[in-house]
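The block underneath contains the structure these notes are about, expressed in structure tokens.
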Amino acid sequence: MRTGMWLVGARGSVAVTSLVGALAVRDGLAEPTGCVTELPALRSPAVPTFADLVFGGHDISVLRLVKKAEALAAGGVLPLPLVELVAGELAEMETQVLTVPTGPTQHDVADRVAADLTAFRDAHRLDELVVVNVSSTEALATPHPAHADLTALRAALQRPDPVLPNSSLFAYAAFTAGCGYVEFTPSTGPRLPALAELAEQAGAVYAGCDGKTGQTLLKSVLAPMFAMRHLQVQSWSGINLLGGGDGANLVEPGANAAKVASKQRVLAEILGYQPEGHNRIDYVADIGDLKTAWDLVTFSGFLGTRMRMEFSWHGCDSALAAPLVLDLVRLTAAAHAAGGRGPVPELGFFFKDPLGSGSHALADQWEQLRRLVAGWGDADAGVA
Amino acid sequence: MRTGMWLVGARGSVAVTSLVGALAVRDGLAEPTGCVTELPALRSPAVPTFADLVFGGHDISVLRLVKKAEALAAGGVLPLPLVELVAGELAEMETQVLTVPTGPTQHDVADRVAADLTAFRDAHRLDELVVVNVSSTEALATPHPAHADLTALRAALQRPDPVLPNSSLFAYAAFTAGCGYVEFTPSTGPRLPALAELAEQAGAVYAGCDGKTGQTLLKSVLAPMFAMRHLQVQSWSGINLLGGGDGANLVEPGANAAKVASKQRVLAEILGYQPEGHNRIDYVADIGDLKTAWDLVTFSGFLGTRMRMEFSWHGCDSALAAPLVLDLVRLTAAAHAAGGRGPVPELGFFFKDPLGSGSHALADQWEQLRRLVAGWGDADAGVA
Amino acid sequence: MRTGMWLVGARGSVAVTSLVGALAVRDGLAEPTGCVTELPALRSPAVPTFADLVFGGHDISVLRLVKKAEALAAGGVLPLPLVELVAGELAEMETQVLTVPTGPTQHDVADRVAADLTAFRDAHRLDELVVVNVSSTEALATPHPAHADLTALRAALQRPDPVLPNSSLFAYAAFTAGCGYVEFTPSTGPRLPALAELAEQAGAVYAGCDGKTGQTLLKSVLAPMFAMRHLQVQSWSGINLLGGGDGANLVEPGANAAKVASKQRVLAEILGYQPEGHNRIDYVADIGDLKTAWDLVTFSGFLGTRMRMEFSWHGCDSALAAPLVLDLVRLTAAAHAAGGRGPVPELGFFFKDPLGSGSHALADQWEQLRRLVAGWGDADAGVA
Amino acid sequence: MRTGMWLVGARGSVAVTSLVGALAVRDGLAEPTGCVTELPALRSPAVPTFADLVFGGHDISVLRLVKKAEALAAGGVLPLPLVELVAGELAEMETQVLTVPTGPTQHDVADRVAADLTAFRDAHRLDELVVVNVSSTEALATPHPAHADLTALRAALQRPDPVLPNSSLFAYAAFTAGCGYVEFTPSTGPRLPALAELAEQAGAVYAGCDGKTGQTLLKSVLAPMFAMRHLQVQSWSGINLLGGGDGANLVEPGANAAKVASKQRVLAEILGYQPEGHNRIDYVADIGDLKTAWDLVTFSGFLGTRMRMEFSWHGCDSALAAPLVLDLVRLTAAAHAAGGRGPVPELGFFFKDPLGSGSHALADQWEQLRRLVAGWGDADAGVA
């Protein structure tokens, strides 16, 4: 099943890490560590292989892919020898990363994006095409009445004032072109009633939002532990120190607010109550891509005894995100091929703020995902 | 269902915390925080209530229960006002904590222990009686051929040389008297083929071993997280600093070895491979009952990127263990009343080194436990 | 040498911890742990003893001292038995804690404060009287031209609009009455040219600002370590989580800003350059008085090798501050008695933001303090 | 002043990091970060420059220097481009690293070592020659009566049974040849009365033992902080996780014991009492050269309030040690040139277990070092 992976933000850290990794794994130069679809419990002939993938994308940046890969190698995210081995193929991909179209109205922009997608699908005779947003986090979007209704939205897009945030405009274009869409950032993307309506009409699938790679991943296993042991979480506070492109962007207060809000929901969802505490994000250029998060949890146990835990997480966001991006494209394509329409809540395993109903606890999300894949036939059982 | 809870080590920290807590919760003086059988998802009319419980036990110590409770209050484990409220009842319980019987052979000792249990059951007209070992951790037991076979064991017990470690002798006596047995420590307890045979014959149920309250509890949610995300754990090293009675006992190298071994199994079981690293235990009197554990996990992700997490856990072992002891007695009694025989693997949720087959991952263990209780009828669904 | 200790904020946590502790140490009920003037290297007959101290103060709160002490005991700051032992004396002190005077102009208020101080000094036939501000942190003060000049200030105080922040008004009153003044909070206090002029005229001594009790204390030994080893600190980021009265007050953004600014200066002063990074303060009610601070330091060494350290500090601010407050009153009184006038820079050892020139490195500050005391005669040598 | 630096263990991690770094700094390819003699406060014309240094050494390994440097680059200790720039010079140095001489008696071995040193000094017309031991840590040495007396030692060395550990044999040879000696490991080295006597006779200088680069460096600033604030340290416990060559060697229990003992002395020396607690060392191959140390300190303050701090240190031992090795050679040569004889206690700043009397507190050690260098003339003042 030839599957296109269209990256919005194709010249960014996550995208280039995904590209280099996909080439390396396909060619047997690296293990698929971090790719959950390669676990025995989730392997399925219904899921496209690495050899099935074809890459393209949009970006406002013009930094060459090889240059970005070399910068990631200098920052410790990618091994330099691997970058050298795939440099030739990266160079060939350059022509498949287009600049972001512009136009007098958002309708025009969407049309041109859809045309880019259709041309890519035709040129490569793809069975499936999935758009995945890995560009910078947007500020929280301004609500607009046209978000609630597809007809109103179509009318509003024809007018000169922008009505959709960029992420949602890409989702609109993807659905219009019959493509799948994955919102990997905290941006709005497909989370608007009008877009849900469009996806339904177009028979498109989508998943999101906001890849779960660090503190929230830990919360999604630690909070259930407290709940299952009937321990009362009193407060959960934390700070994220990160450099790199994503960090710089989060200095912008709107983007920071979007990110922080999406991190706080998980606790209330899992525990059934909201403990005290905040989650801060600070940009520290020196830290680069290997971000450090620290959390303090205070809790009470039997007869009110006060206890604490704290943890530090030194994780490389791009390295944690990239294999999930590859998983999501492959699983979204398979879900569509299996007849899926609209949101795929079983992909909540991958997200901080999962679309559709469903648990935020990682083990429950894993079980949902396992069943989804098993429903396509032939997957093995068990994690290991 | 009147249920006896017989504590081996009844004057120790865990036992007295359980006693004070059970009285306080029964009388509405405290919430049942930390008692998992009080979660909506695990509530069942088949489980005895706090009001159903009757307490007795054995101990080599003669420290009065109230004195021990006051010492625990001074160490911050129990609230002093609560101890004062239940002091009268603790004083009445004094006569129900017997000294450990002695005799010329282990057979004689077992006989006298069984007689104590039977007398207690008769005096209180108990429907169920469960023995739970919360005494100090023993050194790793010396293997003996008679451990493999009940007939050989019975013969060997008649001879003057001891053949069973104390914990196993108590399990032997409990099964002989038709009681349930819970091994809450890392000691051998019922984990011998001869005792499994006896339990089967006697129609007794049992569960164990080694209550999962701190570092291993965290491992049982964090290791599955790494496994589910296909991240490769390279090393997992840690240290436990603890004062209090349990800590002092662990200075004894044999007991330390027993404890450390039981902590290391969980990773290999969950991950499918054994990462590098050791787990140290050190006694630091000043730390008292609020032990501190620190773990460092190094792992690699996509394309070999090296990452780390570390955590500190400041937990009060007695406060974490006591509600689980109460849960285990109540659940073991219910399992027996429901017709159970032999080990109850669905209670693996509570243990570092669960008896019988079954996952070490907490979420899987929770699901097994939930189904066990649901099988008894009427439990609600969902954690919260 | 009978010495008065006049507490602005006398009913707050730091003040009441100081009072209870001073009584307990005086009566031999507790060791003077945390009091640096009791170290052999700093003992001097020139310093008033605990028996020499007489207490009074102002506060806007009317919470009784005993009630506050009991609340501190409940929060783990004070031992309850000690509070009970000194409860009688605390009750007798009630009449010596006055409400804060009011009046149509700040001049009137200062007059009444000075009158309260003079009356207290006369009533107790005090040789020295030191006012110490341990009230809540103020917002950063609004600059005013009259701050620069005593004559202008005196004129401005007669007008109805307030010109001085409260802390500075108390310093004004103290100097007017010939008393010493210690600014233990980050508030402005005596840090205005007009007040320096007044202290000089009045022959008063003063010290400040902002007691160094936690993260900054650690910075003042760790930053010199990096400097002395010629290691390059790249970033120093941190967060403070605190409950209690001080924490609640810091939710107020102005006070938070004042506190954070005073914490950031120390690094640049010691290292000679300002590393990247911020220091956050968050209020978490559940944490109470035992605050938790976490810092991450990234640094580079030989040939650019990147390294990190992180630390967590779980300190009780009131318990750390109270003995320093007692030290400061005793040392300020001695400095005045020894003929001092104006700021006492040798007391920089106690402060985040020391008045007068001088190093921020703790070891240098210690040496300055040791020489000050040695200059008064008879102190022993050596820390231990 | 042409100065020879003779490395015992010249093909190990610390030695090769020193070599690469010395070449790079000399040629202006890198900053002298981590070299304390390059701080303004310690600069002196009496200290040989990087251009003055000439390198040689002994090793039992035959791994080529360039290969070792490349391995260090792969492990993140050295920047690969730098290794490539100095590879030619490293290759030229190969002939100056000799195999360790052997012989029928230790006397013969010492003679041949001394002959190697003399030949090197003559060949390069050196003004000063300093031997520095950076080889693997030895097991704790077996005491021998001949250690106490030079005449007895000389006799014993002629007999076939070894009497000196290797480190001491090298010190013996160095002194015999009139060279200085620096013991950078915890091994015995010059710490024997017979060797002190020999150094005195030969007019040789020496310094040691055990470079202070991680946990102990932190102890030497944190313990004084607790002492200066009159806080009572109750316990100080820690663990060191390290891979790399030094880590593997420490699996050997004798070497581990030597290392741990030297780490524990510093607290008692600074605090005046020995707090509870142990320091563990574990080998974790995966951690490589970037070792992780974790410490927990429990302390009590005013009125017995219990507080804690914990810290993690992620430091690269070779990168921390190498600039100190260069400093020590330069300072030891200068001390000898300035007429020094015997131990140089002012170099205690560099060591966990300083030779000669003197404080273990870093700030005091810094001041001693500063005065030593100032005594040679022309150093600037101030750290920054």
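Here the chain labels run A, B, C and D in written order, and each chain numbers its own residues starting at 1.
The criterion applied here is as follows: contacts are C-beta pairs under 8 Å (C-beta built on N, C-alpha and C of every residue); 3 or more make two chains touch, one makes a residue touch a chain.
Given the structure is predicted, the values throughout are model-derived calculations rather than measurements.
Colleague: List the interface residue numbers of chain C and of chain D, divide the shared ones by all numbers used, and answer same when the ratio is over half, different when under half.
Modeller: Both copies, chain C as well as chain D, present the same residues to each other, with over half of the numbers appearing on both sides.
Colleague: Taking each chain's centre as its mean C-alpha position, how far apart are chain B and chain D in Å?
Modeller: Roughly 50 Å, centre to centre.
Colleague: Between chain C and chain D, what is the separation of their C-alpha centroids in Å?
Modeller: 43
Colleague: Among the residues of chain C, which ones contact at least 2 other chains?
Modeller: Answer for chain C, listing residues that touch two or more other chains: 308, 310, 312.
Colleague: Counting only chain pairs that touch, give me the topology of the graph as line, ring, star, complete or other.
Modeller: Graph shape, chains as nodes and touching pairs as edges: a ring.
Colleague: Applying that definition of touch, give me each pair of chains that meets it.
Modeller: A-B, A-C, B-D, C-D
Colleague: Looking at the complex, which residues from chain A come into contact with chain C?
Modeller: Chain A residues touching chain C: 234-235, 237, 239, 241, 276-278, 280, 282, 284-287, 292, 294, 296, 298, 308, 310, 312.
Colleague: In the complex formed with chain B, which residues of chain A make contact?
Modeller: Result: residues 17, 20-21, 24, 30, 32-36, 38-39, 76-79, 82, 217-218, 221-222, 224-225, 227-232, 270-272, 290, 300-305, 307-316, 319-320, 322-323, 349, 361-364, 366, 383-384 of chain A touch chain B.
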